[in-house]
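Chain lettering (A, B, C and D) follows the sequence in which the chains are written, and residue indices restart at 1 in each chain.
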Amino acid sequence: MHGARAVSGDNPCFMDQWRTAIVRSEESAIWIHGHDVTQLMRQTSFADTVFLLHRGRLPDDRERKLIDAILTSVSDHGPGAPSCATARLVASGNRQSISAAIAAGILAIGNEHGGAGELCMTMIADGIHQAKRRSISFESAAADLVARTIERGERVPGIGHRVHRTSDPRVEVLFALARTGEEEGEGVRFMRAIHAAVAQRVRPLPMNIDGGLAAVLSDLGFPPEAGKFIFIIGRVAGLTAEVAEEYAREKPMRVRIPVEYDGQ
Amino acid sequence: MHGARAVSGDNPCFMDQWRTAIVRSEESAIWIHGHDVTQLMRQTSFADTVFLLHRGRLPDDRERKLIDAILTSVSDHGPGAPSCATARLVASGNRQSISAAIAAGILAIGNEHGGAGELCMTMIADGIHQAKRRSISFESAAADLVARTIERGERVPGIGHRVHRTSDPRVEVLFALARTGEEEGEGVRFMRAIHAAVAQRVRPLPMNIDGGLAAVLSDLGFPPEAGKFIFIIGRVAGLTAEVAEEYAREKPMRVRIPVEYDGQ
Amino acid sequence: MHGARAVSGDNPCFMDQWRTAIVRSEESAIWIHGHDVTQLMRQTSFADTVFLLHRGRLPDDRERKLIDAILTSVSDHGPGAPSCATARLVASGNRQSISAAIAAGILAIGNEHGGAGELCMTMIADGIHQAKRRSISFESAAADLVARTIERGERVPGIGHRVHRTSDPRVEVLFALARTGEEEGEGVRFMRAIHAAVAQRVRPLPMNIDGGLAAVLSDLGFPPEAGKFIFIIGRVAGLTAEVAEEYAREKPMRVRIPVEYDGQ
Amino acid sequence: MHGARAVSGDNPCFMDQWRTAIVRSEESAIWIHGHDVTQLMRQTSFADTVFLLHRGRLPDDRERKLIDAILTSVSDHGPGAPSCATARLVASGNRQSISAAIAAGILAIGNEHGGAGELCMTMIADGIHQAKRRSISFESAAADLVARTIERGERVPGIGHRVHRTSDPRVEVLFALARTGEEEGEGVRFMRAIHAAVAQRVRPLPMNIDGGLAAVLSDLGFPPEAGKFIFIIGRVAGLTAEVAEEYAREKPMRVRIPVEYDGQ
């Protein structure tokens, strides 16, 4: 369905060509952003390809290292994570399609699980912009932003974790890898300010890996949606392993969920 | 991942019971909102069950008739609709899972396709609320609302259709079924006001079925999300038929999409 | 990717037209299998539309009644069913898309959950064919079929239920509705023979609703895939209600799954 | 629903613990198959993690190189591939959920598109087993297997491509990377025999990348399902880029599919 400005033909005899600036393929060659795929296969890693697909150029060593670290950091967090639990439940009822189980696991990734990185990257961009425009410190901008978020009754993205309640072990490792000498990027510094503001306004809570990857991807120049895209690429590796284990070790329909009826 | 207020245990030895007020099942019986399913099977129609599931009671004759009409009206619009095209594309690459094809078709339903009813129902509720609060006519409230929407560069939901460019034939039929005597409900009247306001502000455009079902579901007392839920139930019938035809008539991998590379 | 017989062009400038014999739409009208949708909206029920979409003609009263009863019978079985649990888990991690939650619920429907009707319908068709070809009774054909299935280490589809352990209350009600006078259709009679053969070969176990709907859909002349298609249409109604309740009553990320690590 | 052997309680007060041997997580640490995730982040690449998740140990240099090359080789083949086209169609109708678009793209991956590697790996295992058991050459075993496949009216998996009609450029590059000195693994040698047998029995057709990765993953000791799992991990990278481009460059509902009604 279309809103008020939608006016255009349908049922044409022919479909318009779709256009892309990512992949070109011919009878005997495939290029990704101008790089021959066979050269990429010989000379680069998958993290290079991920970077190339999203940025149109190959990464330098530091960039590649950070993409590798982020993808690994979110790859799996055990069957209790909603994405992994969902993939296993689907494997439990439908053993005809590996794709169905993996796809369902991905569907569980949203702003509430795994996808908060996108919200975080938007928050970081806004916060840094505010700090610069108003010539205030990151600390002040972060405190304002946290206050407003809590007043709206919303959660501060990138903060808090139900397993790692005092500290998410992945975050400082990622920030250490991102450091150039003593320098930290603006994204990392702003997320540290958010983290401190939450501690002051609410109570000490850990920065989680969504917050960590959002800070680093911001500093690498990725747009906010990358907070979800990169998480999904990493998590899919874990989903495939979780589904493989479900197939190998568990019978179909093994999941029993305790249910209480509380209607009339 | 969790936001700042998330603090709670994980990895418990046991899972908390899930609770529901919809279905109760026992060894020898199943009840939906207190109605024995076997009685429902004997005495009611599927439209009754749909209404019961969402409203907790059985519909009267007029309510049932409107649910039936809405479900039928959106059931199928041919393979060119994004939901149907998506289901067929998945059937084209993955013939191992009927569920995969149907699920993919549903994924294509969002605010831009099939799901605008939800936006519309929110708009109707807001508009009627505004009109009453400010003691202005529906026409004035609708004109304001359309003006603000267009100023924000957004589409007015429920208006415009790429096939039915002057009039969506389903809408007036639905409104006629909804009429009680000469009376039309507030939802229908408000959508007519929106329709007129767009004609004046932009140009004459049809009210589409999303707008039509949103008006009627509003008048039936459904919450906004029902604009998507009910559309999905209706469309799934069409998706199953489209997938059945794809399996029966077409070979796998039959879809050829013309692609032009326009990168460097 | 394509197997050995795949030879044909790609990257054409234009896409071939897709063809369909289901829906025809024009500027001012939509027809489903030749029936004007606005007439269907006025005069028929959604069960009629479901039948029409799959069979190309409208049902008679008995056929409509059976479709209604089947759709209602499978519409919901509470949040513990894998399809419903999956939809709720996705709603728990991703509140941005109703479609994502419903689609994930459908993905959990396979031969092991909800989709055994398809296997059953194939089994019924094979069994009746065998009985006629070899001039043996349905009882003998069913006993052979059950014996072979168990020898292969497979389950007999349509038999057994983890909640309704002695009798699934929906099945006899459905069979009563399907009866014409004292007569039962061949599909129903064959499934009764399967049921008896399992009781003798293994132990008394209930015929479940997958077995029940498979028998009736067979007698109505549907092809085996309809065992999945019709189940999915019915269950989607329940999935929408389960997701609506999850949104209304539960917080995101509320699901806690107890996990034990048993690796090294 | 459950088949004949399904007997077990339901609606328990508590859920059984789920078990896993992949990930262990605690308040302050996460391990994947016994490896601390923070160490993996510091010292390894994402290809290492993928290998570790599926094999329970880190790869050596050659194994890592091959996983990297395979993931890159299948990462993207342009918007015309069913998986990419599906993801774009969903992005076209539903802009509320990145996950929905990516998941839909994965659903299009089946035995007919992208997933033939699994069939190929089963074929390779069977063929090598036959050759050894019957003390015949790979060439004879492959010729038998191809003959039987074609007699059944089925496609030979791993052979043929609709774009790369004489040669898929990725395959020989992958096989060159897999070579140890002059030696090729049994999987590669068997797929070459299949390729030759098809050329003789049907006509010269290329080995495609599904066939190539199946051969190499077989030689690396992966089970057949890995043919789908690894393809999916690689392709998800491309799907994210395709969806990012769709969001950036195209309007919602831009896809027009030409449809012809050919019913009565």
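The criterion applied here is as follows: contacts are C-beta pairs under 8 Å (C-beta built on N, C-alpha and C of every residue); 3 or more make two chains touch, one makes a residue touch a chain.
Keep in mind it's a predicted model, so treat the numbers as computed, not measured.
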Original post:
So which chain is farthest from chain D, going by the mean of the CA atoms in each chain?
Top reply: B
**OP:** Could you compare the number of C-beta pairs in contact for A-D with that for C-D and name the larger?
**Re:** A-D
Original post:
Once you find the CA centre of chain A and the CA centre of chain D, what distance in Å lies between them?
Top reply: 23
Original post:
Approximately how many whole Å separate the CA-defined centres of chain B and chain D?
Top reply: 36
Original post:
For chain C and chain D, what's the span in angstrom between their mean Cα positions?
Top reply: 29
Original post:
Which residues does chain B have that touch at least 2 chains other than itself?
Top reply: 2, 6, 9-11, 13-25, 78-80, 85, 94, 96-97, 99-100, 103-104, 107-110, 112-115, 162-163, 165, 253, 255-259, 261
Subject >> Of chain B, residues touching chain D in the complex >> reply: 11, 13-15, 17, 25, 78-80, 82-83, 85-86, 89-90, 92-97, 100-101, 103-104, 107-115, 162, 252-253, 255-259, 261
Original post:
Can you list the chain D residues touching chain A in their complex?
Top reply: 2, 6, 8-16, 18-30, 32, 37-38, 40-42, 44-50, 53-54, 67-69, 71-73, 75-80, 85, 88, 97-100, 102-104, 106-110, 115, 118, 163-167, 169-170, 173-174, 177, 225-226, 228-230, 232-234, 236-238, 240-245, 247, 249, 253, 255-259
Original post:
Quick one: in the complex, what on chain D touches chain C?
Top reply: 1-11, 15-24, 33-34, 80, 94, 96-97, 99-100, 103, 107, 112-114, 116, 146, 150, 154-163, 165, 198, 202, 205, 208-210, 257-264
